[in-house]
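Both of the next two complexes hold chain A, though its partner changes from chain B to chain C.
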Partner chain A sequence: MNVGRTFLIVGAAIGLACASAIVVVAIAKLRRGRVAARSRAMLAPYRHSLITMVSGEDDDGQAREALSAVSAPIWVRLRPSVVAFLPKVRGLPADNLGELMRAHGEIDEATRRLTSRSAVRRARAAYLLGLVRDPASAALVLPLLSDHVADVRLVAARALGTIGDPAAASGILDALRTQNGQIGLPAWVAAEALLAMGPGIGPVLQIGLASKDPAVRNVCAKVGGHGTYLSTVPQLRVLLATDSDGDVRVSSAVALGRVGGAHDAAILLRHTDASEPTVLRRTCATALGDLGQHESLEALAGLLADDDRRLAERAADSLVRIGPEGIVQLEMAATTGQGLSAQAAGGALEVAGLRGQLAHIAMGS
Partner chain B sequence: MTETVKTRIVVADDDLDILDLVVFKLNQAGFDTVAVTDGVAALAAIEAEPTRLAILDIMMPGLSGLDVLRNLRANEATKGLDVILLTARARDADVDTGFATGANDYVIKPFSPRELLHRVNAVLARGDR
Partner chain C sequence: MIQFDFLGGLARVVSAIMNVVAGPVLVYFIVVNTSLLVLMGLAGGEFLRQHRRKGYAGREEAVASQLGQGVSVVVPAHNEEVVIVTSVQALLALRFARHEVIVVDDGSTDTTFERLRRAFDLVPVSREVPSDVTTRGAVIDVHVPRDGRTRLVLVRKKNSGRSDSINVGINASIESLVVFIDADSILEPDALISVTKPFADDPTRVVATGGVIRAVNACKIVDGRMVEVRLDKAWLVRIQVVEYLRAFMLGRSGWSRFGALILISGAFGMFRRDVLVEVGGLDPDSIGEDFELVMRIHRYMIDNGRDYRVKFVAEPVSWTEVPVTVKVLRSQRKRWHRGLWETLWKYRGMLFNPRYGRVGLVALPYYWTFELIAPVLELGGFVLVVLGFALGVVNTSYALMFMAVAYGYATLVTLVAMAIEELTFHKYRRWRDLGAILMASVLENVGYRQATAWWRLEGWWASLRGRKPVWGTMTRQGFGDDSPAVAAMSRDV
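Showing the complex of A and B:
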């Protein structure tokens, strides 16, 4: 009897607790909804001005003027909307947003916070200056590339990429090195930042390709290929042939596939030789497809019978990408070739057919 | 008095900032716009009334912009509709996929609203030729 009553009391208590939790959550949601609705209503007139300015329709500057003049309490509520637009637009609207931030003291505040004792504040300040994309901020953010906190260095590198001033390129390359116990920037972060800086970084890449540090050479080779920096081609050829670091050779092969010329087909083919490291052979086979030179057709067809089946697959895929003449090579190998060769060619033709590449080629030829 | 019929454009983006911005810009330029926040609603809006152009974000809940585009191209009634993809996906492979799927143009975010308007006019002019 007592046990039954205890169960009843415990059950009732749990039920009551659950009901209370549901009520609390519902009230919190309701309150949050009301606050958001009130905030939206309060910002509605400013939202129109903001959209007018960001759309580039603010020819007389009235919208920007009105937004620059809002009181501090309104700005606190409006600020997130302004910051949210910064990474979404470019050109004059982005410049206007930056000027609006400046008018409300945000740029000065962020500049002060770059030297804050708090790593979070330093990182947030660099992030904001990056979003505003004012070239004058690059010199201010640059010292954070040697910040003692790795996350701050990473945010600073991204911010410099977003700002896009090529003057910061050598700073990014320096930050790749592990020095004073601080691990260097991740290669992909540095590469993305450099790529965002545009054609002005060509001379810095050339210096980087001659660096003693393989991490720097590797990033410069990647950027040289992805960013189509033709001035790097002579150095890429040398690095592919002679570099002591395997990753640098692979990155140079990829880059040559993207930016090299007819002359580079023979160079890439040389490095598909069985005496070369497997990863380099495979990379060169793919790079030959990127390069798209007819000079490599026969040699690629020869690779279809290679013992490394991944290499054979890549050679077959490159033949497809070279176009109708590559397809002819594959069809010949599929019908008249021996075991492995016919297998690789048949597989590539089947995949190309599924992707619709064969119909496209047939129509184009 | 004759009433000019405005060109109808459907704009689909789950980012309300972008949606408000694009719709405002197009309305200012004299277009009739319909704003939706997902791919399913975009298809419904396009099929509901004669539409001249759709501006589609790629990453949307439900149907992606590419899924919407595939649906449009597979449907006899909508296969000729002009489509501009407006997206943050900026890799070469993404752009290739967009055009291969049948987009008439591809605009990468961050974008210039003025440039987007020029591209809308260019795509519409090509279609009128």
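Showing the complex of A and C:
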């Protein structure tokens, strides 16, 4: 009897829960359909104006005016489209969209929300201020780089990069420090943000390259190379030769390949020695191709027979990129070299041929 | 008289067993279904978190990134002529800053290679494939597109199995992240952006990510892209859709949220290349190679005192063909369960070992209790209750209670999974598809669950008896992609 009663209770509870789940599914689907249809109908009169704005054809400002005047319920539905367009446009359309956001009080609201207790709101606010690229917002977003929530720090760094104010560069580097066992910012996010800030960050990079924190040195080395900051070259040489952190040495090698001079070929070659870590050897072989100096031809040709076949492949690719003299080295290795070097050289020449690099070189010479 | 004695004896045996197991069986089903609900709750929380982050996740920035990590997409292919061109075309068209596609033709005897050669104008090159990871199957040759720039590499090798082919792909890869994808899978255009996100946000700690896999059968594919999600008419497929939703999407998201994800599907998993090389790639002798790899990574990272994360991305990223015949389904489930058993046994030293944290103390005990042993209890309980009821030793109330907690509760779990799907990703747009999924979540309990439990036991038994593992052949239906572009690329073969 007891089991029977228990069954009735359990069965009824399960049945009720199943019915509730089905009702939730049905209501969710119906509601979504209705909301979408209603939004479509409400936004239809404004779609043309929005497209005119983002395509940069709103010469007389009529479209912006029309969209600035829409009521709050319509703006709520229009806003996601405007926000979605912002990262995809530049120049006048981006400025116009920013002004449209400002007209609807979005910038003021986002500024207020930078200090919200909700991490999601803080992140959304920082993201929006970054999207509209308002230089005045940089100082407001900067404190979020030390936020206790990783997501907020990350969005703040990206926003500062988009705004592009070099004054925020040292803040980005400070944010790289590990906090409570967690990295402050991913290196690539910090590097992208710094690169977006332009040439004004040169002095900050030089200070960063001398930092005690390897994460900071690593990012500064990356940015020094990718942003072609020639002033960083002397420090990059020292870091490649002496730094205690493997990542910093690798980033310095990449950077030297991009911004170094003839003198740096010998430095990079030294680090392709078998006694060096594999990653560094491979990176230096690639960097020598970026550097494009003739001094490295023979040494690169020597690497074609290395036991590390990935290193050999990179050396061969670098020889192709150095140009006609590198190709000659490869041809010699392919025809007269021993098994391994002939194989690496042959492969690189075939790919270069497919890419049309051999014909181009033949014509050039 | 003899028959009466036999039935009487049987009744006494069943009665004796039921006296011992009646309560525990009910408790087991309550616990297993409740644990699934808890995982779904965790997954729901994770979906909500990811949904909130969507507004500022910076996907466009990730596509334009100069410094983000590149991805090598490794596609092992053995006799995949039906799907290979569509699949590779879709992979090359993925939205991502920097990715290459490496197809490893594992000694196909059909026109897989020829179709690829013609479709992408491949030519042989003397490119070497390094030996960062030890492999078995000898590489025959390497082909690249004639333009020398399209980032597609085809490595032909002697047949040595899927895992070894992936290891060859790892060796051929040059990017820092490697993703394994089955040739019969179609990826969402933003799949790589979604699955690399955890690596981008936490590059030093995240070592592997998995993505949600869903059934592609009957969906509309044009130019290698999913354009309309539809539900297959076959109930066998519909039930698997329900299963994938519950176990793959919500179950694994829940484990990821809990910080103890131990299984990333071989059909779509992304790993840091350096970690793959350190652990030695996939084990070609393992039949549950995907599970084995993730377990090996867990053990390796913890044994070496490294701070790491294995994450699951809840967004649907991969669409794959699920078996349409009972024969293929049986073979698949046998293999899965055998792989589960062999891997759990291999890593039994991690079980209840506090050194391995949540993996050793929660995830592995769960998998032993509710995944490995489940078919024994599920089938045993069912047989005992049906037999006991027929013999009159199990009363109606108990039988109904068993049905309620074993099947009614399981149906509820599935319906909750469906509700979460509808509230979050709502991929099935048609009302009739939703209706069919609802129906499938009920029908799953009538025959399907019992059959799969039996097949899983077969797989386990085969392993215990030391029988040689058999991969079986998945008969591809193709994507039904008859778009002009794909038709032109596959022509004349």
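Remarks
Basically, the second predicted complex is superposed on the first by the 304 of 365 C-alpha atoms of A that agree within 3 Å, B and C clash if a C-alpha of one lies under 4 Å from a C-alpha of the other, contacts with A are read in each partner's own complex, and residues count from 1 in each chain.
In the analysis below, a residue touches a chain if its C-beta (ideal position, glycine included) is under 8 Å from a C-beta of that chain, and two chains touch if they have at least 3 such contacts.
None of the values given here were measured: they were computed from a predicted structure.
Of the two partner chains, neither chain B nor chain C is touched by A:Arg64. Contact with both chain B and chain C is seen for A:Lys88 once the two complexes are overlaid on the shared chain.
When chain B and chain C are set side by side, the one touching more residues of chain A is C.
Using the contact criterion defined above for the overlaid structures, shared-chain residue A:Arg153 touches neither chain B nor chain C, since it reaches no partner. In the superposed model, A:Arg282 lies in contact with neither chain B nor chain C.
Residue contacts after overlaying the shared chain place A:Arg113 against neither chain B nor chain C. In the superposed model, A:Val54 makes contact with chain B only, not with chain C. Once the two complexes are overlaid on chain A, the chain A residues touched by chain B in the first and by chain C in the second are 87-88. Across the complex, chain A meets chain B through its residues 47, 51-52, 54-57, 81, 84-85, 87-94. Listed in rising order, the residues of chain B touching chain A in the complex are 15, 17-18, 20-21, 24-25, 28, 109-115. Across the complex, chain A is touched by residues 52-53, 55-56, 58, 60-61, 65-69, 123, 125-128, 130-132, 144-149, 174, 200-204, 307, 395, 397-398, 400-401, 404-405, 408-409, 411-412, 415-416, 418-419, 422-423, 426, 431, 434, 438 of chain C. Contacts from chain A toward chain C in the complex involve residues 3-4, 6-7, 10-11, 14-15, 17-18, 21-22, 24-25, 28-29, 32, 83, 87-88, 120, 123-124, 126-127, 150-151, 154-155, 158, 181, 183, 186-189, 191-192, 195, 222, 226, 308-310, 312-313, 343-344, 346-347, 350-356.
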